[in-house]
Every structure is written in structure tokens, then in C-alpha cells.
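In what comes next, subunit A is part of two complexes: it sits with subunit B in the first one and with subunit C in the second one.
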Partner chain A sequence: MPLIRNFPFFCIMLSMMCGIGSAMLPGRIARKVTVALAAVVAALNAALMCHLMAAGENYHYLMGHFPAPWGNELRAGPLEALLCTLFSLVLLFSALGGQGKVKVQVDPNKESIVYVMLNLVLAGTQSMLYTNDLFTGYVFIEIMTLGSCALIMNRQNGRTMVSAMRYMIMSLLGSGMTLMSIMLIYTLTGHLLIENIRQSVEVLYMSGQYHVPLTVTIGLFFVGLGIKSALFPFHTWLADAYGYSTPTASAVLSSIVSKAYILLLFKIFTRMIGMDVVVGLHLNDLFFAFGVIAMIMGSLSATHSHDLRRMVAYSSVAQIGYIYAGMGMGITAGLIAALYHILIHSAAKSALFISSSALADASAGSKRFSDLRGAGRRSPVAGVCFSIAAMSLVGVPVLGGFISKLVFSQAAFSAGGVHMWVMLLALAVSTLLNVLYLFRTVITLYRPAREGFTCTVEKPDGAAVCAMVGFVVLNVLLGVLAQPILNVLTTGFHLFM
Partner chain B sequence: MEMFATHIEEVVAVLLFGIGFTTLLLHRNLIKKIIGLNVMDTAIYLMFTSVGYVEGRTAPIMADGITDAAHYINPIPSGLVLTGIVVSVSVTALMLALTVRLYRRYHTLDIDRITLLMKGEDD
Partner chain C sequence: MKKNESFWQKLLSLDEISYENPLDEQLIDAETDQPDSVLRQQSPVEYAFAEILQEEKQEELYIAERLEANSLHAWVGRQSKKWAKPVYSLLCALFCVALVVFLMSTVIELPPFGAADNPTNNEVAQRYLEKGLEETGAVNMVAGMILDYRAFDTFGESTVLFVAACSVLLLLKLGDHKDGEVSPAMLEAEWDDRHHEPKNDAILQMAARVLVPVILLFGMYIVLAGHLGPGGGFSGGAVMGAGLILYLNAFGFRKTGRFFTYKTFRWVTFVALMTYALLKSYSFFCGANHLESGISLGTPGAILSSGLILPLNICVGLIVMCIMYAFYTLFRKGGM
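Up next is the complex of A and B:
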């Protein structure tokens, strides 16, 4: 086996080792280790992606050379490698961009814990993407839960502790349901390995046996992972958790952690159950309905909020709705649109969180819109970063959000019927609402400051400027290189199945 | 009804899961929420072990030199339960630590009261 094929394993182990090592290092060094690790992981995954794209294949990796039912198995393809590359880049920029805030808001003795958790989140994300074993997926769900809860409560004040508690409670309900559904699928099929489950499910579905238990199991998976990824009616923990923790934590939670759960669900639906079975049992309509409602309700909540961070947090609910709606259309084009939107949202949302914290710094630490007037001029880099990311989410051409909305509508047209009309209508309404709250914010940032408003402008540190420039480049590249990326996603998706 | 009699473990497990789930979701007291979490997890482990158990067979430990698989119960669910227990212990520990912190700060275990008190203070 060529060396490059060991990369997924290397990346996961490296992240875990760095996580353990960082616990013993002082915060300053732990930060450097984390940043270096994220860069290395991004490079390794990018190399793997190029290699697999050139070879046009995916492969099974046997841990310790034990074949599957006895050993643990990874499965890597271009799709997983691309997603891992982007997530590690986002983590890199989030860690860099939020480091100044981490120094201020986190107890100096516990600074390294932030970086331990970031490493664990990176390890968990990659494992969830690469694993081919359902139970390994569950174990890493729990590791991610612990890691993200610790990320929220790293900044110790009343609000973060309460929101960490709420996050934990909701998350554990989700994990409980996921474990229950894993148990049910094991009872139904007798397997934990994803491909074996697929074969058994196919047989059960064809022979018409156990349709009710199968439906219940898929429903439990959906609700369990839906709670954890902040799908609309289960998103109550989200605003406080993202609104009050450190900017690094909010960026990583919204753009990596919730995406990892969605991708695990994606894997369960497409590769493990099979989209034909899901569509046959009409469960994709459940996805679609929840997704469309989230698209509208999330944006409505965002227009109501008076606090910048909370607005950005609520906009995540809407964007996650897009992803679920895309998955719910029940056709390949919809799934690919959902994958592309995962990339776009990941890059844009973390940029919004990091730059909004820099903008608040330029406005005497206030996150209210009335104080943020003119912040874009007081802190030019943050202003540009925020505007680019906001424009990407709204769907201004050249940027990624535009392409994503384009592929969503194309998918809607090929889906036809009710799905088409509902999706197009929801896209239109949601885009309008996006314009309403995101452009309003961008305009606010460049309006002259309120009469008599004076503040000391804290300049963002060098690392934060680098991170924000990185975010701008990432967001623009995702739009400019849309065609190659969509090619990788399409090829990767067919190999993924 | 016969099904209920022959699958008593599964029925009990589902009931316990429901009890644990609602306690974790709805109870106001943090400690009772944690108890609910443990009841919920234990219910799943009960279900797992009852799925793996085969009447009249022994634990999958090769002591008497019997290599025939038909002599032993299915070891995989037991293995999963072990992993699950480790996970739920660590989650419980974190929840308890968080509860201690919240209690020290607000002197109550009632999550609704804590939320009210939190809204009263500045951030």
C-alpha cells in the first residue's frame, strides 16, 4: 500500500496525540502546536484528495491489517478528503483569529485546554468522516460532544456555563437516540459495518419485512443527529451557546461540529440505508419539510435579534435548513447541492464569527447594532471579511453562496413536482430575509457612527488579520473554483456510495 | 400479549428509556436530570445485552477449551455495552462537574431558577 493511503489514519492519530500533548503544554505553545497540526492535516488531506481524484477511486483501510468484522475499518474517497481539508483550514483560521480573545476571556492556566478541545474536535470530525463502522461513529459523536461542551464553558461566566449545560442536555438526548437507533439497526441486520448493513437493509426492504422498525430507526437517527446539528425545532440551545462563548468556539462549533454530525447522517442515509430505501419509505419528505421550515424560521429569528453574534448564530439555523432540504429532495443533484452548501457555510460562518468579534472590539466591545455603526471603517480588515462572508451567504455572484443557490435551484428543477415549487419558494423567501438582515448589518458597519459615540479602537492582532485575510481568500476561492470543486464533489459522491 | 411475555427485557428497556429520556428533558433539578441520563443509557445497555444473550449458553470466555461458537452467547453486544459504559461514565462526570460549578455560583440546582438568576446579571 502506498504511503499516501495511510494519511487518513495518520491525520486522526496525529490530531489525537496533539490533543493529549497539548494538555501538558503551556497555552502559548499549545496554540502553535494546534495551528501547525491543522496546517499539516489540511496539507495531507489535500494531497490525498488529489491522489484519489487522479486515481478515480476510493479504498478501505484496515486498521492493523485485521479484516473488517474483527478489525476497525476506515474508508476514504475524494469527497471525505476534500471535506477534511476544508474543515482543517477553517479550524486553522478560527484558532488564529480567535487567539487574542482566548487570551483575554479564558483563565490563563486553562488556555491550553481550548487547544486540546480543538484538536479533539478535529480528530472527531475526521474519524466521523472516514469511519466505516457505525459504532466508531457513535464513540466519536460522544467525544465531539464532550469537546464542544468544554469549548463553550472555557470562557467561565454564568451565561456560558448555563448554555454549556443546556447544550449538554440537548446533545445527550440526541446521543441517546442515536445509540438507540444503532442498537435497533444492529438487531435488524446483525451488522455494524456500513456496507453489510446496506446489503441487509436492501434485502429487508425488497422482501417487505420489518418496514415499521426500519422507519422508526431511520426516524430516530434523523431526530438524534438533528438535535445535535441544531435543526430547527431542536435548535434552542444554539443561540446562547454560539452567542456567549469565545469566538473560536462559536466558529468551530457552527462550522465544523454541526457539519460533522450532518455528514454522519448523510453517510447513514446514502451509504448505509441507501437513498432508494429512504425515498421508498417517504422519509426524505421528513427531511425536506424540516429543512424548509428551518430555512424560513432561522432567517426570521435572525432578523429579530439585536445582537450581532446572536444574529450570526440564528442564521446558522437557516443555513442548516438549506442542507437538510437539499438532502430531502431525494435526488443526487440535491445531495451534491447540500454537500456544496456545507463547504460554503463552513467557510462563511466561521468568517462571520471571527470578524464580528473584531468588529465588536472596534466598537468598545458592544455587539449591539446601534454601537456598531462605522465599525467597518474603524477596523477595515474585519469589515471586508464580514462583508465578503455575508455577501457569500446572501448569494452575490462570483462568491460561493451564489453557486450554492444555483445548484439548489437546478436540483429543484430536476426534482420537479411539489419539491420544486416548495424549494424555489423557500429559496426566494429565505434569500430575501438573508438580504434583510445581512445587508442591513453590512450597511450599518459603514454608516457614520452615532452622534457622540466615542470609543477606543482595539486593533486586531497580526494573527487575527492573517486569519481574516485567509477567510476572505477561502470564501472567494470557493466561489471562483466552484466548477472544479463541484467536479470533486460529484466524482467523490459516486465513489462514496 | 405473548410477545410481551417472551420479550420482557426489551419491553422494560423501552419503558426505562422513556422514563430516562423524559427525566433528562423535562426535570428541573440538575441532579435528577443526570440520574435520568443514566437511566436512559442503562436502558439501552439492557436492550443490547438482551439482544446478545442466547438462552442456555455461557459467557464468551474460552475456559474449558470449547472452540465451538454454538456454546457461547454473542460477544459483540457485550463489547458495545462496555464501550458505552465508558462513554456514559465520562459524560456523567462532565455533567456533575458542570453542576458543581453552577451550584457554587447560583446556590440552586433548579435549571429554571439558574436561568432567571443568569439573566439578572450582566455579561
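Up next is the complex of A and C:
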């Protein structure tokens, strides 16, 4: 086996070891370790992606001496490698951009724990993407759940404590449901390996045996992971959790952790259950309905939020709705559109969180819109970063969000029927609402400051400027290189299945 | 905010609002607050009072804000009509009943427990039972399964414990990491601890003198013989942790501090987890690239057998012991 094919294993073990080691290091060194780790992981995954695209194949990797149904196994393809590359880049920029805030807001003795959690979140995300075994997926769900709770309560004040508690309860409910469905699927099929489950599920579906348990199991997977990824009716923990924690934590939680859960659900539905079974049981309509409602309701909540961070948080609900609606169309084009939107939203949302914290710094630490007037001029880099990311989410051409909306509508046209009309309508309404709240914010940022409002402008530190420039480049590249990325996604998706 | 403004007017003028409402003013917290822990260490008692007052105030704000943020609750809150709340409760109850019916019907349809033709009785379980001894060298099949066949999952599980310990540390640890330094918060916790826990209880000390060595020895036996019979790192570690906690309760922190401090905890956990990671990485790498690892399985049944399972069990046992003990001390007085 060529060395390059060991990269997923190297990346996962390296992230775990850095996570464990960071606990022993003082905060300032742990910070550097995390940044270096994210860069290395991004480079390794990018190399792997290029290699696999050239080879046009995916492969299985034994974790140990025993073949798959008995031992653990990884499975890597261009799709997983691309997603891992992007997530590690986002983590790199989020850690860089938020490190100044972490220094101020976190107890200096406990600063290294932030970086322990960031490293372990990176390890968990990669494991959930690469694993070919359902139970390994669950183990890393647990790590991510506890890690993200710790990330929320790193900044210790009343708000974060309560929101961490609420997140913990909701998230454990989700984990419990996922575990329950894993047990049910094991009882029904006798396997934990994804390919073997697929074969057994197809046989069960054809024979009509265990029809009710199978449906309930799929439903439990959907609700369990839906709660964890903040799908609309289960999103009540989200605004507080993202609104009051450190900017790094908000960025990582919204753009990496929730995406990892969605991708695990994606893997379960497309590869483990099989899209034909899901469509046959009409469960994709469940996805679609929840997704469409989330697209509208999330944007509505965002429009009447008074606080910048909370507005950005609520906008996540809407964007996650897009992803679920894409998955719910039940056709390949919809799934690829959902994958592309995951990339776009990751890059844009983390940029919004990091830059909104820099904008608040330039407005005497306030996050309300009346004080933020003129913040874009007081802190130019943050203003540009926020505007680019907002434009990307709204769907201004050249940027990624435009391509994503285009791909969604194309998918809607090829789906036809009710799906087409509902999706197009929801896209139109949601885009209008996006314009309303995001452009209103951008305009606010460049309006002259309120009369009598004076403040000392806190300049973002060098690392934060680097991170914001990085985010701008990432967002623009995702739009400019849309065709190659879509090619990788399409090839990767066909290999993934 | 005027009542008669239309929705659109409100929406487009969010940045004009001057926040006359004091409630709104407090709802938005500043980005640049000091870490509370600094305050807490300066004057713990004053801080506690201030915090309680603040919390009470925040409680009210929270309720107000939740009503605003959560539209369903807001809807229920706005319905001053008498029927709204009972209807809401009734719907909740109906939902729960429906859920129970669904899940029960699922359970009824599942394959009967222990039947010979169940789907779980397949080639996976068969190979574990028939070839397990030969392939892993462990007499205890459970140990062979979790520490050899599926060792990656177990590494994940040990890391879950580590993450949990870090989270509790983050929440409850008081004072500086350096040994010997005592902050006011730590002194207060110490006083609190002494106040509630009687020291030098003769009966407890006598019992502990007899029991602790036995418990620790038994724990070590469970860990070391984990590959030979029922037991292993998780159960043995829990027993050893319980032994340490009993010792601490009988003789107090000062005596335990002679051999088990915060530093010991950090180093033991770190070294054990790293050893696990490195040993297994080597084994995974060899396995995946089809190389000979050169780890001999030995004679099944001997204490030095079954390859890596024994060292891995020791690592897991140490991790579990340390983390059990750390949980206890952190919850009791925020440090060791």
C-alpha cells in the first residue's frame, strides 16, 4: 500500500495525540500545536484528495490485523478527503481568529483545555467521515458531544453555563436516540459494518420483514442526529450556545461539529440504508418538509434578532434547512447540492462569527446594531470579511452561495413535481429573507455612527487579521473554483455510494 | 419601541432603536467582560453573593427573553384564554402516548431474544468465538474483542473518559495548576470541606486500614488478569479508584497528597493514553500495510500472553482509576 493511503489514519491518530498532549502544555504552546496540526491535517487531506481523484477510486483501510466485519475499518474517497480538507482549514482559521478572545475570556490556567477540545473535535470529525463502522461513528459522537459542551462553557459566565447545560441535555437526547437506533439496526441485521448492513437492509426491505422496526429505526436516526445538528424544531439550544461562547467555539460548533453530524446522517442514509429504500418508505419527504420549514423559520428568527451574534446563529438554522431539503429531494443532484452547501456554509458561517467578534471589538464590545453602525469603517478587514461572507450566504454571483442556490434550483427542476415547486418557492422566500437580515447588517456596518457614540477602537491582532484574510480567500475560492469542486463532489459521491 | 409601529418599520429600523427599555439594555451583554474566575479568586465570598443576586436578575431576563425567542412558548404565553394551557398539555401527553405506542410496537416485532436463527447469530460472532483464542491469544473473549479486534473503538472510549475529566476540570477546578500555591477560593473550599466532613473518624480509619490494601490488590488482579478471565481495565480501574476514594475519606487530602497529587493525575493519564495510542498505532500501521508486527501472542492462559492486550489493559485501568479519583476530588473541593 502506498504511503499516501495511510494519511487518514495518520491524521486521526495525530489529532488524537495532539489533543491528549495539549492537556499537558501551557495555553500558548497548545495554541501553536493546534494551529500547526490543523495546517498539517489540511495538507495531508488535500494531497490524499488529489491522489484519489487522479486514481479515480476509493479504498478500505484496516485498523488492525483483522478484516472488516471483525475488526475496525476506515474507508476513504475523494469526497471525504475534500470535506476533511475544508474542515481543517476552517478550524485553522477559527483557532487563529479567535485566539485573542480566548486569551481574554478564558481562565489562563484552563486555556489549554480549549485547544484539547479543538484537536479532539478535529479528530472526531475526521473519524466520523472516514469510518466504515457504525459503532466507531457513535464513539466519536460521544467525544464530539462532550468536547463541544466544554467549548461552550470555556468562557465561564452565567449565560454560557446555562446554554451549555441546555446543549448538554438536548445533545445527550440526540446521542441516546442514535445509540438506540444503532442497537435496533444491529438486532435487525446482525452487523455494524456499513456495507453489510446495506445488504441485509435490502433483503429485509424486499421481503417486507420487520417493516415497522426498520421504519422506526430510520426515524430515530433522523431525529437523533437532527437534534444534534440543530434542525428546525430541535434548534432551541442553538442561539444561546452560539451567541455567548467564545468566537472560536461558535465558529467551530456551527461550521464543523453540526456538519459532522449531518455528514454521518448522510452516510447512514445514502450508503447504509440506501436512498432507494428511504425513498420507498417516503422518509425523504420527512427530510424535505423539515428542511423547507427550517429554511423559512430560521431566516424569520434571524430577521428580528437584536444581537449580531444571535442573528448569525439563527441564520445557521436556515442554512441547515437548505442542506436537509437538498437531501430530501431524493435524487443524486439534490444530494450533491446539499454537499456543496455544506462546504459553502462552513466557510461562510465561521467567517461571520470571527468577523462579528472583531466588529464588536471596534464598537466598545457591543453587539447591538445601533452601536455597530460604522464598525465596518472602524475595522476595515473585519468589515470586508463579514460582507463577503454575508454576500456568499445571500447568493451574490461569483461567490459560493450563488452557485449553491443555482445547483439547488437545478436539482429542483430535475426532481419535478411538488418537490420542484416547494423548493423553488422556499428558495425564493428564504433568499429574500437572507437579503433582508444580512444586507441590512452590512449596510448598518457602513452607516455613519450614531450621534454621540464614541468608543476606543480595539484593533484585531495579527493572527485575527490573517484568519479573516484567509476566510475571504476561502470564500472567494469556493465560488471561483465551483466547477472543479463540483466535479470532485460528483466523482466522490459516485465512489462514496 | 412603540406598539403601533408595523412589523416592516420595526424590521428596517433595528439599528435606530435606542433601547429605552432597561430590560433590553441588560439583555445584550458586552463582549469584553473579564473572566469571572479572576473575580472569584480575588474575593470568593463577596463574589458568591453578587453572583446569586445577579443570577436572580438574570433568571427574570431569561424568562422574558425565552418568551420572545421561542415562538411556540410565546404563543402559549400570549394566549390568556383559559383553554390554551390544557390544550398544550393534552397535545404533549398525546404525543408521548403516540411515541410509547410506536416504540412498543417496534420492540414487539423485534426478533426474540436469544433465538438460534436471529440475525445477530452470524459469521461475525462465530469467528470471535471459534477463532478468537487462536487469533488474539486471550482466554477472555471480551478482552480479545475490545482490545484487539476492535481496539480503535476502545481507544475512542478511553478518550471519552479523558474528555469528560477535562470538562469537569474546566468546570470545577479551583486555583492555580502549580502545586503548593493556595488561592482564597481553594482555602474556602478546604474550609467548607472540613466543615462538612468529620476528620479522623476512628472506625472509618480502622476499616480503611484493613480494606484499602485488599481493594487495591483486587483491582490490580482484575486488571492484570483481564485477558485470562472476567475483568479488564475498565472494571479493575473502577475498583482501584474506589479504593483510593476510601483512603481519601478516611485519612484526608494531606496523606493522599503524599503519593497522589494533581500532577500525578495529569502525568499518569497522559502517559497511559499516549502509550495506548502509540502501541495501537504501531499495530494498526502494521496490520493495514500487511507487515509482520513481531508481537508474539505467547501461550494462551499464561500471564504474559496475548500480545498487546495486557499492556493495553494496564493503560485503561490506570486511566479509569485516575479519572474516578479526579471526579471525586473535583466535586468535593475543586482540586486534589
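Everything below uses one rule, namely that the second predicted complex is superposed on the first by the 496 of 497 C-alpha atoms of A that agree within 3 Å, B and C clash if a C-alpha of one lies under 4 Å from a C-alpha of the other, contacts with A are read in each partner's own complex, and residues count from 1 in each chain.
One rule holds for everything that comes next: a contact is a pair of C-beta atoms (placed from the backbone, for glycine too) under 8 Å apart; a residue touches a chain by one contact, two chains touch by 3 or more.
A quick note: this is a predicted structure, and the numbers were derived from the prediction, not measured.
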item: Dominant contact partner of subunit A by residue count, subunit C or subunit B; value: C
item: Which of subunit B and subunit C A:I169 touches, first, second, both or neither; value: first
item: Subunit B versus subunit C as contact partner of A:L179, first or second or both or neither; value: first
item: Contacts of A:Y244 with subunit B and subunit C, given as first, second, both or neither; value: both
item: Touching partner for A:M13 - first (subunit B), second (subunit C), both, neither; value: second
item: Subunit B versus subunit C as contact partner of A:R159, first or second or both or neither; value: both
item: Touched partner set for A:V104, first subunit B, second subunit C, both or neither; value: second
item: Subunit B versus subunit C as contact partner of A:L146, first or second or both or neither; value: both
item: Touching partner for A:G280 - first (subunit B), second (subunit C), both, neither; value: neither
item: Touched partner set for A:L436, first subunit B, second subunit C, both or neither; value: second
item: Common ground on subunit A, meaning residues reached by subunit C in one complex and by subunit B in the other; value: 135, 139, 142, 146, 149-150, 153, 156-159, 162, 186-187, 244
item: Subunit C-facing residues of subunit A, complex; value: 1, 6, 9, 13, 16-17, 19-21, 23-24, 61-66, 69-72, 101, 104-107, 109-110, 113, 116-117, 120, 127, 133, 135-136, 139-140, 142-143, 146-147, 149-150, 153-159, 162, 184, 186-191, 200, 210, 212-213, 216-217, 236, 239, 244, 301, 303-304, 306-307, 357, 360-361, 364-370, 372-373, 436, 440, 444, 447, 458
item: Residues of subunit B touching subunit A in the complex; value: 17, 20-21, 24-25, 30, 33, 37, 40-41, 44, 47-48, 51, 76-77, 80, 83-84, 87, 90-91, 94-95, 98-99, 101-102, 105-106, 111, 114-115, 117-118, 121, 123
item: In the complex with subunit B, residue positions of subunit A that touch it; value: 135, 139, 142, 145-146, 149-150, 153, 156-159, 161-162, 164-165, 168-169, 172-173, 175-176, 179-180, 183, 186-187, 192, 244
item: Touching residues on subunit C, where the partner in the complex is subunit A; value: 10-12, 14-19, 24, 27-33, 35-38, 51, 54-55, 58, 62, 69-71, 102-103, 105-106, 109-111, 118-125, 127-128, 135, 148-153, 155-157, 159-160, 162-164, 166-167, 169-171, 173, 175-177, 266-267, 269-270, 273-274, 277, 281, 283-290, 293
